[in-house]
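Two complexes follow with chain A in common, the first pairing it with chain B and the second with chain C.
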Partner chain A sequence: MSGFLLRLYIAGRSAISQRAEQNLFQLQRLIEPDCKVEIIDVVTRPELAEQAGILATPTLSYEHPERPRRVIGDLSDTKRVLEFLGFRAQEKDGRAIEPKEKNA
Partner chain B sequence: MASAAFTEKEIRFLVEKNADGILVLDAEGIVLFANPASEQIFGRAPESLIGSPIGVPLVSGDTSEIVIHKPGGKHVDAEIRVVDTYWDNRPARLASIRDISRRKAQEEQLRHSSKMEAIGRLTAGIAHDFNNLLTVVLGNLEHAQRQTDDERLAVALDNAAHGARLAAVLTERLLAFARKKPLEPKLVSPNSIVAGMSELLQRTLGDTINIRTVLAEDLHRVEVDQTELEAAILNLIVNARDAMPSGGEVIVETANIELDHAYAARETEIAPGPYVMISVTDSGVGMSPEILRQVFEPFFTTKEGGRGTGLGLSQVYGFVKQSGGHVKLYSEPGHGTIVKIYLPKAMGDPFSQEPSIEQTEPLSTGHETILIVEDDPDVRAYAASGLRGLGYKVFEAGEASSALEIIENEPTIQLLFTDLGLPGGMDGKALAACAQSMREGLKVLITTAYAGSALVHEGRLDPGVDLLSKPFTLGSLGRRLREILDRRSSRKAGSARVLVAEDEVLLRMFIADSLADHGYELEQAGSCAEAMAKFRALSGDLAAAIIDLGLPDRPGDELVAELRAVSPDLPIIVTTGLSQADVAARYVRDRRLRVLGKPFSPQALVDALRGLVV
Partner chain C sequence: MSAQDAEVEVPDVLERVKTGVAAFDELVTGGLPRARTTVVGGTPGSGKTIFAIQFLAHGISECSENGVLVTFEESPADIDSNMRGFGWDLTAWRKAGCLAVVDASPPTKDELVIGDFDLLGLLSRIQHAARSVNAKRIVLDSLTQLFDHFIGDPKVLRRELFRITDALKKADLTVLMTAERNAEYGEITRHRLEEFIADNVVILRNVLQREKRRRTIEVLKMRGSHHAEGESPFTILGRDEGPGAHGLVAVPLSSLRLEQQSSTVRVTSGNRAIDEMCGGGFFRDSVTLVSGATGTGKTLLVTNFLAGGVAAGERAILFGFEESRGQLFRNASGWGVDFAAMEAEGKLKVFCLYPEAQGLADHLLAIQNLVDEVQPNRIAIDSISALERVAPDVGFREFLISLTSFIKKREIAGLYTATSKSLIGGESASEQHISTLTDSIILLRYMQEQDVMHRGLMVLKMRGSEHAKEIRRFTIDGSGMHLGEPFKGAPNVFSSGEPDYYQR
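Moving on to the complex of A and B:
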């Protein structure tokens, strides 16, 4: 399942936007195998948000052909986001993070 | 269960009337239910909201902030709170959403104003110290220029002085932004200012830009510094021009505006009340919200190739704030910019009439001791109580012999105020001569209803005798007394001794040098305490004091107050790198005090001293 895409919709360079972006990159590091990320600012590209039916930001959209999923919020709860999107998370050394385990 | 106590109708009522938006989302983030409040927050009808894949709110902690996008591009800042629950026996999420855009906007405003405040303090601090140094540089350059015959050296010194003067202009602009520029507020009509500038404005805008003025009739007047207001309008016009490289139209508009409590609450930095609005609108390139947030900061410019100093809007901001006003910018990329300046309507200007200077002028006060000699008890009582009201200590006599007795016993009497016609064989003129022979330096003011007869027939008045014709008002009496009492120091012979309180050693030396050239003798102090000690030691022997407001141990204005308490008519020059308008305003009634902004030239200092008759 390589080459999938996480698309983050944000609104301008606000503090929430920046927090969501940072958390997105954190997610990207944790996801195994590699995934692509794309950031869309709905202020500069309102037509893309309109097309995708984005009602609120930050919205993370996982463009899955069969089961597209969306998350709203700043993505700070990394573990639950991964769980919901259905990814297995990896630490940098390759050890899998168990969903129940507290991650320091 | 608690919910069993409610009927379905009641529950529906609670949900529908709730001010917060309530959404129920399924496990995939599809909207299953939306209450009326959420329809309003999202700006969508229930049918377009229900079934749409908004997404699963994954919120860590109590609440999270999100931005809601209404159709048409409007944004709403919202706070979201999520509870896991079941809906139709399936796992679901209940989200409550609250519109916090107003609170956010206020927080942003507060953050912005504290940032501007911090930048202002920094700017003022730098400009202040820089002004001190520039005073030293410019002063010494002037000395050197005077003393050199070497032509090449003279050119070098000219260039150096030119550079230093440019630096002084820069610090002045920084002070304007930091709201520390000395302002000279006057009652002005914005309409006539705009009208008077129209030619300059059109010339500034060039041929490709048309200017249109829309001036309100019956516009209130404002009490501001006219030069600074003109500079602010010109700065806005220059910005409008630079935003329209291929031409367009600029509209300058004036209007009376009443800012209400709601507006004041929203903007946080402005009091409600009547204002005059002056707006400049262009059809230029406009600005993004990011740029808008920074435009007032000094040295922030979007103009290329050194065209902008980044100080234009800073001047507008500083001037308007310092004048008790408010400035607002609206702009959209591609659509142009509108800048609105709000200046408070001048107080006591209900009908925009010409001001009566007589009414506003404060009565001249004093602390000296005065003897009033007047045979008419009503006139005497009137003058005595009036002068006591002005702060003077007053003795009263009905005729010459008792007056002379009082003068003999009261050494503090500095001025004799006598009627010319007195009973008992000795008239006012004779009393004055006799009193002055008893007490050297005693000043005399003679009053008479028939001025020009007795006194003028006998030629000129004696030195030290002044005349005030009856009837006199308390205002004119007060003014004359002040005039006469303050004249003292000018008659002193020999070199005048001047006390200088300034902590900057170089600046003190510069002042000493400048004044020595003009025959003044200098007493130097580096702190309030030192200055006070010298003042006490010298007491009556001091011709003037030059006081820097920024002294190390205590503020200079405290020193001014202490000197004033002891010596009400001592000529004082206050020097300041900041020259705060409110400081200048505080001293506006003190006719024996001048405020000198740094950097000042030796000549300006000497002129100020001479202006106070030292």
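Moving on to the complex of A and C:
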């Protein structure tokens, strides 16, 4: 199976939005099989945020038919995000995924 | 003018937004300040959501101000059906474009918070909803639920809530937020929300006091404006519970100013001899208390008072809390007064209620609604002390103050009766409460003289007028009350037990 969808809801071009976007693209490279990514800015498309019932931004929504899941936050902890969404990570470019160091 | 000269235009008077709870608006000199935030705190079941929806309802139906409801707790469908009992149709308002609802109730999806976030998603939705209906009023119900949703990040929540309320205020929106309290007295709200986002704080209470629920509303803080202090009673009325207002109905306490004018016009007490003792009758806008032990003739005085008014072409209303209509009508005819004929002519209305049937706040509202409907010139309440059973202490005192100031404002002549507990002399607690509030006091007492028991009447107090100081004997027969000679060497009417003179 392929072509499942990850939707990222962000609010404008804030630092936190950009961080989440970058982290998402990094995730996308690691996820096997390929997934589609859609980015929605709630400031310009509030009606989509309303439809999806978004409170917090950034929110990553995994539109799974049986078990939809959401991750709130800037997605900086790649390993936990992958675990929660239930993806196997692939070492596409030869690098292993290392969990980011936790900030004190 | 001077306001235009100033660099930054600051309105010197805050514009007010009426909440639809009339007596509450009075407490805060006209309503909630526009473009400010108000936190309404209360324990579960204290009426927060009702107050919040009423604020929206009043805006939509009375002020052509549309609204946005943001619900964090109940689903919009639940709120809609819960509010139908108050005559508020959220669905109809949504269809008419007067109301937008943002459903922020907890999601059913799995959710995990990893890393930093903001609540701009929520803010954009609220702003979008506000734009879509051109809203002036916003309700967030309840913030505590939002806090509990993101329980791990209280700091982020504080920052983000501040950001949201700030943005809404800048858009000239008046914001009402509800928040849970754990206890009726103590910490203002859970998570101490009021400290960082509230310009104004209002507390709703629902206190159990001697087996009776007492609902009160208190304005705790109102930035930059005057407000009445302390708790004011309120009640919650459904649409079907009588005419008048529904929803959360606050009971106006002593108004901020004693503004009622004093009339010098005299009206008859219904008994010429008592009129003479009072220096020409009662004042038109005064309240008189008739106090006496059981059987001394209080209800007779009430009957005379009503009949005297009707004979002078006035309209009268009687609230009976001790006897049934049948008993009151029979008593009256025993003294030569035909209540039934007076009612048939539309000159008199008699309402009898069991004191325990409802709380004092509801009694007060019922009386006010009926008085507004009947528009009487005089009102009698027989007896006011029976109502003390319903809520002793503070509640009763508040009730008395409210009722008395209501009667005076309407320029109605009022007569209360109070039953003293002991047969000879003595004061009851209710007398102490009532006596300072009423303008005039008439005492009816059993008086022992040698081996005979007489009845005596005296005018104890008559505000703004001379009055007779003697204690007059009186008798009661088939044509009513007859005053006789004053007592000579009378016993002390205030002490109970052995009269002083007896021991001399």
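Throughout what follows, the second predicted complex is superposed on the first by the 92 of 104 C-alpha atoms of A that agree within 3 Å, B and C clash if a C-alpha of one lies under 4 Å from a C-alpha of the other, contacts with A are read in each partner's own complex, and residues count from 1 in each chain.
Here is the rule we use: a residue touches a chain if its C-beta (ideal position, glycine included) is under 8 Å from a C-beta of that chain, and two chains touch if they have at least 3 such contacts.
If you're wondering where the values come from, they're calculated on a predicted model, not measured in any experiment.
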- Item | First, second, both or neither for A:L55, with chain B first and chain C second | both
- Message: Going by the contact rule set out at the top, does A:V71 touch chain B (first), chain C (second), both, or neither?
- Response: both
- Task: Check the residue A:E47 against both partner chains and state whether it touches chain B (first), chain C (second), both, or neither.
- Result: second
- Considering only touches as defined above, state whether A:A11 meets chain B (first), chain C (second), both or neither. both
- Message: Give me the intersection of chain A's contacts with chain B and its contacts with chain C, in residue numbers.
- Response: 11-12, 14, 16, 42, 46, 49, 53-59, 68-77, 80-81, 84
- Note on the structure: Within their complex, chain A touches chain B through residues 11-14, 16, 42, 46, 49, 53-61, 68-77, 80-81, 84
- chain C-touching residues of chain A, taken from the complex the two chains share: 9, 11-12, 14, 16, 42-43, 46-47, 49-50, 53-59, 67-77, 80-81, 84
- In the complex, chain C residues that touch chain A: 102-104, 107, 109-125, 127-129, 146, 149-150
- Note on the structure: The chain B residues in contact with chain A across the complex are 28-29, 42, 44, 49, 52-60, 64-69, 73, 75, 78, 80, 289-290
